[in-house]
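Here the chain labels run A, B, C and D in written order, and each chain numbers its own residues starting at 1.
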Amino acid sequence: MAKDLIVLDPFPRTVEAVFDTQQFARLEGLGEIVRIDSRNDPASLDAVIDRAVAIIGQPDLAEERLRRAGKLRTVINIEGNFFPNVDYDHCFQAGVSVLSIAPAFAYPVAEMAIGLALDLARGITSADASVRTGGEVYGSRGNAHAGLITRSTIGIIGFGSIGRAIRRLLTGFSVKILVHDPWLPAGAIREEGCEPVALEELLSRCDTVFVSAAVTSENQHLLDRTTLELMRPDAALVLVGRAGIADFDVLLDMADKGRLRIATDVFPTEPIPADDPIRRSKILLSPHRAGGMRAALSTAAEMILDDLALILAGLPPVRLLQARRETVGKMRSKPASYR
Amino acid sequence: MAKDLIVLDPFPRTVEAVFDTQQFARLEGLGEIVRIDSRNDPASLDAVIDRAVAIIGQPDLAEERLRRAGKLRTVINIEGNFFPNVDYDHCFQAGVSVLSIAPAFAYPVAEMAIGLALDLARGITSADASVRTGGEVYGSRGNAHAGLITRSTIGIIGFGSIGRAIRRLLTGFSVKILVHDPWLPAGAIREEGCEPVALEELLSRCDTVFVSAAVTSENQHLLDRTTLELMRPDAALVLVGRAGIADFDVLLDMADKGRLRIATDVFPTEPIPADDPIRRSKILLSPHRAGGMRAALSTAAEMILDDLALILAGLPPVRLLQARRETVGKMRSKPASYR
Amino acid sequence: MAKDLIVLDPFPRTVEAVFDTQQFARLEGLGEIVRIDSRNDPASLDAVIDRAVAIIGQPDLAEERLRRAGKLRTVINIEGNFFPNVDYDHCFQAGVSVLSIAPAFAYPVAEMAIGLALDLARGITSADASVRTGGEVYGSRGNAHAGLITRSTIGIIGFGSIGRAIRRLLTGFSVKILVHDPWLPAGAIREEGCEPVALEELLSRCDTVFVSAAVTSENQHLLDRTTLELMRPDAALVLVGRAGIADFDVLLDMADKGRLRIATDVFPTEPIPADDPIRRSKILLSPHRAGGMRAALSTAAEMILDDLALILAGLPPVRLLQARRETVGKMRSKPASYR
Amino acid sequence: MAKDLIVLDPFPRTVEAVFDTQQFARLEGLGEIVRIDSRNDPASLDAVIDRAVAIIGQPDLAEERLRRAGKLRTVINIEGNFFPNVDYDHCFQAGVSVLSIAPAFAYPVAEMAIGLALDLARGITSADASVRTGGEVYGSRGNAHAGLITRSTIGIIGFGSIGRAIRRLLTGFSVKILVHDPWLPAGAIREEGCEPVALEELLSRCDTVFVSAAVTSENQHLLDRTTLELMRPDAALVLVGRAGIADFDVLLDMADKGRLRIATDVFPTEPIPADDPIRRSKILLSPHRAGGMRAALSTAAEMILDDLALILAGLPPVRLLQARRETVGKMRSKPASYR
């Protein structure tokens, strides 16, 4: 009798990039593994779909294919976003858990966000450059624009796993945290010790604003000139979600005029065009490196193994992000630069 | 009858750099103020010393002068270090509290230390430069050396107000913290949730090491090649105390060879000589800007006002650093670049 | 055209016990309300089921009835446990969220658990009685068995909302926390700063053990003589989940012999039989009062309103406990004393 | 040549009650030990005073005796309070550190305070009694007066080591903490995340008030009818400092009338007189057991050893409480029941 299978279809990642030797051994302990590449060889998936209990990857899973996947209990997206190439309704009805490794990126991204905010607050990058060119200014004379995070007011736009990780990392900083998240009721935000506010209030009250919202059908260019003008003079803005939420022409203008201090890890077009003026702007620039790092993928592999073991034991997954019927259709992420 | 006086002798700072209008008004509420400059006009201090109940500044206070200061109850150093131009023994015997604003710099310095550590962990400064020159590498491919602070092992050398502030700021990072401080017993370090260790153990176990020790007669070049070689490959070292604790020739060599990642806010000679090779090194360079900033002086002014009010009310000061009989003689700080 | 309805069927609670005036007004703002009592008048539910978008209560919802509930999007159990009188499979397939107010009891129960543990540690209840009868013993002579929670090792059996609340309340106590929860992978427990262990290890290492597990088909009499004998001499055991997890005859025997210190908020039979020897035992007795209190129901009402508003806006609920396909069938709770 | 001595004069404690075998061995490693009982044999102290570098105990140390103690560097009071039988001025001038083990009692007392507060909030003691007499009331019906500490407003009167320990233990309870301490400036209280307020404001705003102030010449009967009437109806008051701060006749009256919920670990006369009506009152009674316990003395011994080692090495003590010139004369504690 044919065995149940765990199907590995990791494109554009590789199995080796996700699982180290020890983790892969643990994976093999959970069931029979088959490795395929459905992107380049769609038939490879069709050949095993009826025996698959789990698929790790982000293959096309239209209804027709899913109808043949009678044993399937979970699809684990390892790109980090839910794409529209899966018939989610079918999965919800059939009790197939569709999961994503997105939470594994929460602390990596949040640490980068804090690092960028401290750089904006203290001018670390520009001061280092000044010493190299011999124009450094010492002590308080160089600190005219420097500020503290401690005891300041912080805004977080988008309170998913990244936003919550930012909040947690800031525990020791004695900050007041305002949160704007239209998918969360006030009480859920207060439970985390934060103050729920409307976007406008958040922008106008905060010293530093972190943007960690996913791009959805509802928040394109939420940060345009009108809303950004609400920010306090010299306030700091750190973008670590998707770029689409902000109008970058406005960001560029406001940073260069000294109206705002801005750092971003995301860009409207990646790679950044060679002649994009942002390369010469006053924005602190991070080439989409907040999440994709070895430590994140190692955490992701652990989360996959943990949840897969639970599912195969008839228990609900608890570590990965579970696609929810109500929101999965609102996501507008395109495959990113495969962090 | 001549009134008791609060003497302001702030050189090399200015009264205005320390006290804002509101704070100065509060100071005036505490007593009669006289402003002098004993550095340039020693007689100005002698003219009022017998009526002084408090001196704010760091004037020369040899025994002879102190013997005439019969009403003096406190000397508040606003430079940040205790200098040898005061007869501390006389002060201790006479019940004169000698205080310093050093604690006001704790969070400013600690935030800079965390910012430098995150920069070393993620390459923020070098990545920004790479985008400007068009050579950026995106995502995980650019993150080969990136690491997380979260769940890592942190070392703190010197557990005074700066070291403790670093510990507190890291509360949300779920780190294990090892502390080396020869002036503290193990129990005092454990009380703060840290593990007391010898210097060698600290260096060999930690992913990131913060050096926030004061320079004393005992710790000159504590970090030389022998001790630094104990550090783990690619470990990070962040210097925010006085430079004298480390051998900078060795730091330069180890950073440039990729043996360690290093950031420093302090330098053996400040300003850094124009031709100092450190300007072209791989060390992340901060021109002594960790502490001296408006927010720190504002906190200092508040601490001065608070403690002065307590002392004048016959209560012990609680906010500033109090010189202690046993250690004040071991300090080897020279007047710094007046942060 | 008939309007969509929010059906209130709260038996054995009352609407007024759950919603205060202001909360009820907010509820009315979410839709048209109809109040029924399906327990005493089943037809009252059938009369409105086809127009119900939400049912607040725990009525019988067999498949037949649910098939007629075409507009139904959520069933919100306000008793606190998922009972077997609902066809959960049908709900999962139809996309009906089945929710419970259980999380509203987490902090009330956890605070009681900490209170009972401190009482066991310090003998508060027995010392108070001793003063009333004139036999009190003062100071350290009365504290021969007293211990501290601070820096001790704590065990939590069952790491749901109550167990997590206990962990959070203990944040300031510098404790080491061991967790046993067979439904959670090690990584999920470590993420909360706790150490995942097997039941036997937990019992043998901890100074104080909190039992906050739900009663399932799998954990009946998990704490029997064999496992309880693993506990350290004079260790403390606090029961705040369901009673079925422990063999109470053994608890009674071990408490009375001074082998363990025990407190319980739950009992095998409630009300406790008049002649139950537990009434005269050394066990600290709390008559099932850990969860049911005004503050808990107020929180529950807020959670209901928050999640109902989200669901009606097409968003996923985030505050109440959501029944999960994999585990809802394992629950063995009977309706309790309607806290 | 005669050796320097560490003099143990622990009456009314005993050496064995403070130091366990291992700790005593560590003590012997610090110097030559001589054990005396100056209370019953004053000459025993005079015989060694000239060679004593440290005295552990609370002997009479008038100026005459101290003048002969030329090698003395520290006096370590192990009773827990500074008594007036020491010439403190002489000690300050001579550079003798006078220390107390009071901080060792901070967490024991603070845990008891939290335990008493949770008992008042939930009626643990009275509910246990009700089950024993068969009159228990279950669930919410028994919880009419029950409240939560979580998210409530807490007052702390007296912000020394006990008050600070209470604050720290409450870290996980998401409370707002108001502090009244006339010896501390507002900024020092804010630094700990608390709000400094006047006594009247504290009493009128808080749900639970902890009194952990020392008795001084200034705060006798601070809590009289006028101030206590400011408290909210049904608010809770927990006394763990010295009894003299409150008018117990008023406490008794307000507790018995149901005006306030009150718990106390201290009493105006100890032992409590046999016919004191407080024995039959509604006050929750703890016979002065908050501090004196094995764990506290073990911590005290560690603190003594740590600080003694520092002092003998020429470093300042850091763990014990150091008598301060300004306040030691204001203390009004009498020797207590030797916790």
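As a working rule, contacts are C-beta pairs under 8 Å (C-beta built on N, C-alpha and C of every residue); 3 or more make two chains touch, one makes a residue touch a chain.
The structure displayed is predicted, hence computed values, not measured ones.
If you take chain A and chain C together, no chain is in touch with both.
Compared with chain D, the chain whose C-alpha mean position is the greatest distance off is A.
Computed from the mean C-alpha positions, the centre of chain B lies at a distance of 50 Å from the centre of chain C.
Inter-chain centre distance (chain A to chain B, centres taken as mean C-alpha positions): 37 Å. In this assembly, the C-alpha centroid of chain B lies 34 Å from the C-alpha centroid of chain D. Contacting chain pairs in the structure are A-B, A-C, B-D, C-D.
Touching chain D in their complex are the following residues of chain C: 17, 107-108, 111-112, 114-116, 118-119, 121-125, 127-132, 134, 136-140, 142-144, 146-150, 168-173, 270-272, 274, 279-280, 284-289, 292-295, 297, 336-339. Against chain D, the residues of chain B that register as touching in their complex are 92-93, 95, 183-188, 191, 302-303, 306-307, 309-311, 314-316, 318-319, 324-327.
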